Every structure is written in C-alpha cells, then in structure tokens.
Amino acid sequence: MATTKTETAKVITPEMAKIPQGPLEKKWTNYKDHQKLVNPANKRRLDIIVVGTGLAGASAAATLAELGFNVLNFCIQDSPRRAHSIAAQGGINAAKNYQNDGDSIYRLFYDTIKGGDYRAREANVYRLAEVSNNIIDQCVAQGVPFAREYGGLLDNRSFGGAQVSRTFYAKGQTGQQLLLGAYSALSRQIGKGKVKMYNRHEMLDVVLIKDADGVERARGIIARNLVTGRIERYFGHAVVIASGGYGNTFFLSTNAMASNGSAAMQIYRKGAYFANPCYAQIHPTCIPKHGDFQSKLTLMSESLRNDGRIWVPKKLEDAQKLQRGEIKGRDIPEEDRDYYLERRYPAFGNLVPRDVASRAAKERCDKGYGVNNTGLAVFLDFSDAIQRLGKDVVAQKYGNLFQMYEKIVDENPYENPMMIFPAIHYTMGGIWVDYELQTSIKGLFCIGEANFSDHGANRLGASALMQGLADGYFVIPYTIQNYLSDQIGVPRMSTDLPEFAAAEKGVQDKIDRLMAIQGKRSVDSIHKELGLVMWDFVGMGRTAESLKTAIEKIDAIKKEFWTNVYIPGEADGLNNELEKALRLSDFIEIGRLMAVDALNREESCGGHFREEYQTEEGEALRQDDKFSYVACWKYTGEDSEPELIKEPLDYEFTERKTRNYKA
Amino acid sequence: MDSYINIKVKVWRQAGPKAQGHFETYELNHIFQGASFLEMMDILNEQLIAEHKDPIAFDHDCREGICGMCSMYVNGHPHGPDSAITTCQLHMRKFKDGETITVEPWRSRAFPVIKDLMVDRGAYDKIMQAGGFVSVNTGGVPDANAIAIPKPVADEAMDAASCIGCGACAAACKNGSAMLFVAAKVSQLALLPQGKIEAAKRAKAMIAKMDELGFGNCTNTGACAAECPKSVSLANIARLNREFICAKFKD
Amino acid sequence: MWLKDSSIGRKLVMSITGLCLVFFLLFHGCMNVALVFSEEAYNWICSILGANWYAIVGTLGLAFLIFVHFCYAFYLTIQNLRARGNDRYAVTARQQGVDWESKNMLVLGICVIGFLVLHLANFWFKMQFAELTGIETSAFDPQDGAGLVKFMFAGNGAWSIVLCVLYLIWLAALWLHLNHGIWSALQTLGWSNLIWLKRIKVIGTIFASLVVAPFAVVVFYYLGMGIGMLLA
C-alpha cells in the first residue's frame, strides 16, 4: 500500500520548488527583477505548445504570442471559445478595495490560504493576490462588460468565505465574458499568424527528448485530429498544459461533457508528479439529480447564497411528506424550518465556504431531512429576499438563474423554494508545479485548474477565474522565459526523431488495443459505474474502509474496461466513442490515485473529509503535525503503486488556525 | 407533471462532408419527460451502440446553455421548440407521446456538415479573428475604474456580449446571414469606450470577412433574434449598419 | 465599390431606392385622391406633369430607381439562396414575431412589378407616353386623365369590376411589401435601437397604410360607381 512508503518518502525543499527569498510581499518582485529574459529576436525562434484554450490556456497563448513567441494552441472543441471556463457564473475576485470595506492584497491572500485550509503554498497564493488587480484592469481594457454602479464605476458582490465585497461580475456569466476576452486576444494573435490554432485536436502524449547533458525535456506532443482520426506530431521548445481539472472522474459533475484529465495523466505517466489528487471540491448549489439517464449536474451560481436562505424541515415527518410529494416547501411554516447554516455558523451564515456548506447539506440529508423524492436535496429559499427587496430586484439579480432552474426542474422558484444538492465541481489537486509553474519535467509547464498550486485543500468562490487568468496573463509569460532563455540556441527539431516516433507508436498501440476489445459494454456505462464508486466511497465523507473498498472496486472496473468495452466504428475517422474511451481509461487511473491519496491523508482538510477525523460538532479536523505537506505522487509503472514525495508546507507568514466560520 | 413517453426520432445521417445524407427514423420507448433532449440522444446512442450500429455524431459540451457547442435543428427550429434556450436546455416535456421529432444539422453554406448533426463553424472564428477584439496587449493598461461607463451602456454591452457563437442565427436565417453574430460583437465593443477607438475599422473588417466566407445578405426578417438562445436584439444589427455605413462614408 | 461588394452596401442601395419609391407612391396616391373630389383638379395636376422636362426627368429617375431596386433584389436573392447551401431543411416552422411578408419580399415585389406593367399599359402609356410621342395610343385625349381613369375603373362594365379587384389585390401585395420594407429600410440605415425597434415597426405599418390608403380610396370610389352603373 502507498501509505507504507511515507516513512522513507523523498522531500521537495523550498529551493527545489524555486520559491524566491525575501519577505512575502517582495518575493514576486524579486523574482521578476532577477529572472532571465529572452530578447525579441530570439523569441521569434522559439515555439511554445499550449494545450487548452480555457482562461489559463487562451490567456497564456495570447500573451506569449504578443511577446513574440510562436504559439501552437490546441483545443478539443470546435472553437477555442467553448472551453469550460465559459460556464463559470459568479465572478472573479480581486483585491481592488473599490468598496472601501477593508480589503487588501494581504487579506485576499489570507482568505485564500485560510479557505484552502492551510494546504497551499504561501508564496504562490500571495503572488495570486498581488496580480489579481492587474487582471481586472486587463479585462476592462479588453472590453469585458463588468457590472457597474449607476455612477459608472465597477460593482462588486460578496462571495463565500470572505467578509468583504471583492467579487467582480458580469451578470451571471462572468466566466463567459472573461473567456471571450481572452478568446478575443487569442483571435487577434491567430489573425496575425502568431498563434497557430488547432481546433478539434486532442493531445494524447507528451514527447520528451534528452539533450546533450542527458536532461530530459518536453519537446512536443502527439495529438489526434478528432475529425480525421489522424495521429499527428508537433514540436515545441516548451509545452504548457492548461487542460483543466478531472472532476468528470465522477461521471456526474458540473464539468462539461468533454472535460477530462487525460493530458495530466499523460504527463504523470512520463514523470510529472501529481499533487494532492484527493482535493476535489463539491459545490453546494447544484440542481439535484433526477434520473439514471442524467448526463451532468447543473451548477447554479454561489452568488445565490447572498440572498437565498438554505433550510430543511425541522420535523422529520415534514421531510417525509416532501419526499412523497404530498406537500411543497412553501407549505411548511416558518417556525418548522431549520436554517441549519445560520444555526451552525452565525458569523458567516449562508455564506460559509463551499466545503462547509456541502457537508452540512449531506449531514442533514443523511439524517433523513432531504426534501425531494430521492431525499437528496435541501431548499434554497428566496421568499425573504423577495419580501425585503421586491420581486423585481431579485429578478434583476438572479433572473437568468431562476429561468434556468425553471427550464430544468419545471418549477417556479419565485413561488416555491429551489432545491439544491452538492455536486463535484472543481479539483484543487493537479499536476505539481514549482513557483515558476514548471512541472517536475523540464520545459513542461502546467497552469490553471490542471495544476495544484494555489487553492490548497479547498477553493474559494470566484477564485478559479482569478487563478486561471493570473497564471495565463501574468505569471507564465514571465516564468517561461526564465526557462527558455537558455534554450535560444536549440533549433526547431524534426518530428521524425525517434522519440516522436516512439510516442506516436505508444498512442497508436493503445488505440489499437482499445478498438480490438470488441466487448459488450458501452463506454458510458462503465464510466457511470466508476462515477458511482467515486461518489459513494471517495465522495464527501471518506473513511479508510471506504477508500480501500474504492480501490478494489476501481481495479475491478479497470479490468472490466480493458476486457469488455465496446467501441463501434473505426479509429481513422471521427469517433466519439473512441475519444470517450481514451478519456475514461485515464479517469479510471485518476480515480484510483484520488483514493490512494485520500487514504494516505489521515486528516480532514478542506474538500477532503475523513470521517475518522472530525470534531464533536462534525467539523473538519486537520493533523498539522503529520500532514502539513503537499502529497506528490510519482508514477512507477503500470502495475506498481505510485511513490509518495512530500513537499512540506512551512507557514512562515501566517499563523495556522482551525478554520472557524462560527464567530 | 413529467411522465414517460414513446417517440420516434427522425435524424439526418451523413457519413462525411462529401457524402450524400439521408434521414433515418428510430423508435425510442419510455423516455422520461424530465430528461433533456441531449440525454434522449444519449439514450438513443446507447441503443445504437448496443445494436452495434454507428452512433449519431453531434456537438455538445457544457450542457448548461453557455458553451454554444450544441447545434441541432429540431422540428423546424434551431435549438428546438422553446424560447431562449440551447438544445442542451431543451427538455422532453416539450414533446408529446407518439410524436415524431425531426432532427437536422445547421444548414448553411458557411457551416459544412462534418458528420451527421455536426457542422464546422470555423467561419465564426475567422470573423472574430478579422476584428472582434480590442487591440491591447497584456499589461500596461489603465486602472479598471479610470474610465466610468454609464450603467445602461454597460448593461447594453453585456446583453450584446452574451452571444455564445452557436450559429443558430445563421441557421435560422433564410438568407444564411451571420449579421446577428457580427452585430453582437461589433455592438458590444462599439458601446464601450475601450472598443470605440477602433470601432469603424472593426465593423469594416468583420463585415468584409463575413461576406468573403459566403454568408448571405441580411433582409431583416428577424428570425435570428427570434431563435437566438441568448435573445440578442435586432437593435444590434441596426447599430452595426450604422457603424459600417458611417465608416464607409468617412473613407 | 462597397455599395455593390459589401452586404450592408447592397442592403443600403435597396433601402434608399425603396424609400424613394415609397415617397413617390405617397405623392401618386395623394394626387389620385383628387379624383374623388374634383376631376378638373386631377387633370390640372396631370397637366403640370405631362410632358414637362421635370416630369420627364422624374419619370426617368423613377424608372432608374425601380430598375436598381429590381436588379438588386434578384442579385441579393441569388446570393442568399446560395448562402443557404445545397441541402434544405426538411421541416421549417414559423418563428414567433417574424412576419410572413419579411420572408417573401421577392414574391411580393414581383407581384407589385407585374401589376405595375399592367398599370403602365393602362394609364401611363395612354397618358404621358402618348403626350410625349404624340402617338395616339387610345381613344382618349391624353390631357383628360380623369376621363380615362373613370372609363377604366367604372365605365367599362364588368371589366372595370375585374380591374378594381385586381388593383385591390395589387394594393394588398403592396401593403405587405411596404409593411416590412419601410421598417427594414430604416433598420438598414441604422435608425433603430432597443427602444425604437418596436416603434419603427409601428411607424412602418402606419406609413405603409398611409401610402396604400389613398390608392384604395380611389379604387373603392370607382368600384362603387362601377357597380352602381352596372346595376342601373
């Protein structure tokens, strides 16, 4: 078992993570002052591959091209504008303090560290808070139509886990507007010929080539043209992975159907460490599941918790009547409602962080107080807000979300409280990167949700957009130069090199193997089975026993997949089922890695809740003396357990406390 | 209340861009009306896979109405018979027991079929590349609050910017015109002071690209706005016309 | 030349020629109403127009406008048909708020043009053309337009009734054409925004009615007269 290796585990020091010296607020400035740069003439000679066109990928590709590099950008959708960042609703944080409510860079840093349950790197998080302000400036300059006050200045709203209003938003479509901003910058560079865009292309492997000193460096990728089915080779002096998170391991999640963790798994198998895979965020405000045929869960913005109040009935018999459909939420009188978040967390109330809100909902539903036919839902009620602000104001603020809810559930949320339930939403874990966002493989970088860097064990609302754009616009364009500055003498390499051929063969062999199985089960049916195992045993409440069960079950699913999957059609053409099968083969590995990591982490922190480690009141109990580290998993082979490498987290600048949202 | 229905689905099957397409009809039983239209398509595909037949290729991704990837022409409407939604937000409660549902791809010369219901909308990307941006590089921009923008202007820009680039406008238009798509972007950026500076150049460049790519001429039927999943207004087309005509007369 | 090569330019040409024709129709309709009140007045207006140089310039201008409007209509339609691609939708449904006429402007336009030929043969050929060329094209004095009108619409027995009905059909097609055409022309010129969008549609309808109403009044006036004469 993996846990037995922890005794002799290797350690990553701050120097290995390249964390700059000096006081917290000077680290990034110091880094930028002393890093190496590439001059304009040399930039033209360097090719950079960027995989993904979400907030991180598109902003990085556009910015690197603006600087003068040649960029090859890949996405699996038909257009870079469709990356799933587009679905983020609520907003983006920045420490502008436009509201004069006491916000500062330090406070944003502190909230993020605390929200992440003290499992993130201080230096990275501080840098994130520092550049957050530049992001807002940049987006406004691009023409992002943020919401404004009547005076013409930018409006802010408050979000979970913070006591200031620092969230900038564009209706309920902030992710869309920010992504379209990055997409427009990217489009400009494509038009200029500085970015070569490859739509409907999926990365299937990274190509590593040893240089004269024997150092292995990322020099390209193998990608499959999803329309023609052709396997293609691409060279780059450096490769940037911005392929998003792996929430779809659970099959049902708020992710898009094609969101996947395959790029991360490919580079993991080539030697990049996978850090903290067990940290997955469960979002509290999703529309509950309604049937087995369900393909995804729809998220509703966390901003709803600003004005909506969450409750379940106080009396068990009321809950049972609701479950049988005999009464509706509005029929239950005020005194019989249990506003459990306000009861348990008076200081933050309905605005506690996502992990806390999700677990509290699970706790109530586990006790039998769930309010829909499956007993897996709680109410989110706007009747108070409608009384206080009027229906028009509520409609103006949340109208589009209410409409979306009504279209899906066929019930009017103005008249009857909405029903919500937690769902997998975001993965804080991901590929390990150093301060420069470089993975443990030279020349291979990882940005956005795909890396592990900034959110610790739990991400605060409106911070994902911030991190994606920070990495893409303001971090990687600097740090990648520090790497590329000594690569300027490296000529463009031929893709006929044996390393490219070998990587392509590996990919082709895997595809051939999959196509040859010709079993009985569809890809989705196996994926759904994996999803259920993940939700039941690696979900919101985990135990050593459940995780061991999960590992056994996942191993069985893996076997079933590799012997009994059926993929129709041919590999040399458009084949959705083959695409899904390739992704599922990686989800199975990720699911197992999540369980292994969760089993190793004998504590509760943020999105990772081990039922053995909780306070009497049911709050998460960290074990700082034992688990204050980043768990980096190193691939050791197809059939052997991964090796654990630790990066200790020494908190130099913040005092670690028990997260407390009560007072 | 949602219940279970039996339906027939008449789907356009086309093996490739050059292949001759045809309709095929499939029977589906016991479909829950609370399922989304794409979930029904998933069930149909599972059925086809079980019969070892080729599943129907269709574009879809976020399944929450924002990515703009889904693109089916259902019973004579882009995104189907409901207002202000994408195909993924269409639910089976919009259909009756025993109904035959006709599903077709977007049909427009600028959107060639790739396979079955999947079309190539790269033309929209090319229009964006011609001018759908503000020419600023990363960094060195003024403070976000340096220029105040009246709330009604910002709100109108936001409404125009809500376009998801799905192509329903051109698919709905009897002229195959992409004016609403172009107008949404031109409008958004022409309204905001940041985009105003190159507004004339943008309008000319985007229209020239749109014409070059073989989209038709707008005749103001309004079908685009009526079918737009994000209810982008026709007023944006008027603004685009104004921007373009003024720019041309200034030349 | 952007008026030919760009889609908005082409639409602008349609818009401006269309609007000019609308104003001509408005003038023509008002002039016709004179018939109802006084035949002398009508003939007096005719005499002003007749073979004077400005009337000739006006007529040539009109012919040019119609020619351009007509040619562009076909040019646009052919391009639009091509833009649809080779395969057509098997099912098309009506969209809410989309007028039938807006999708059938070419058909309506052809109706209007068709009747225009009839109209020119019936009247213009016998009036301005006769006056200009001096050729006797009918039994009527070119100066006595009112008499000609009266004969055609009322005095020609059952044929007059048929002609009146044909003219009413023509006017209906014209109204539909203008009901979309006027607001569409204004939209193309960019005279619209969120608030004016609906208003301009209403203005278009009112204006189309104002243009068609005088013609209709005259036709109904003679139709009544003709029926009276038949019955008498």
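What to note about this one:
We call the chains A, B and C, going by the order they appear; numbering starts again at 1 in every chain.
The criterion applied here is as follows: a contact is a pair of C-beta atoms (placed from the backbone, for glycine too) under 8 Å apart; a residue touches a chain by one contact, two chains touch by 3 or more.
Just so we're clear, the structure is a prediction, and the values are computed from it rather than from any experiment.
Closest to the protein's overall CA centre, chain by chain, comes B.
Inter-chain contacts peak for the pair A-B, counting C-beta pairs in contact.
Put simply, the C-alpha centre of subunit B and that of subunit C have 37 angstrom between them.
Between subunit A and subunit C, the centres computed from C-alpha atoms are 64 Å apart. Each chain gets a centre from the mean of its Cα atoms; for subunit A and subunit B, those two points are 27 Å apart.
Subunit B makes touch with subunit A in their complex at residues 2, 16, 32, 34-36, 38-39, 42-43, 46, 48-50, 52-55, 57, 59-69, 82, 84-85, 89, 91, 93, 114-115, 118, 120-122, 124-125, 128-139, 141-145, 148-151, 154-155, 157-158, 161-162, 164-165, 188-189, 192, 194-195. Listed in rising order, the residues of subunit A touching subunit B in the complex are 59, 62-63, 66, 77-84, 86-87, 96, 98, 134, 136-154, 170-171, 173, 175-177, 180, 183-185, 187-188, 190-191, 197, 199, 227, 254, 256-258, 290-291, 293-296, 298-299, 403-404, 407-408, 410, 473-474, 477, 522, 524-525, 566, 568-569, 573-574, 576-577. In the complex of the two chains, the subunit C residues touching subunit B come out as 2, 5-12, 76, 79-80, 82-93, 95-99, 102-103, 105, 180, 183-184, 187-194, 196-197. Taken in their complex, subunit B has these residues touching subunit C: 10, 12, 21, 23, 73, 75-77, 81, 83, 102, 104, 107-113, 156, 172, 174-177, 179, 207-208, 210-211, 214-223, 226-227, 233-235, 237-246, 248.
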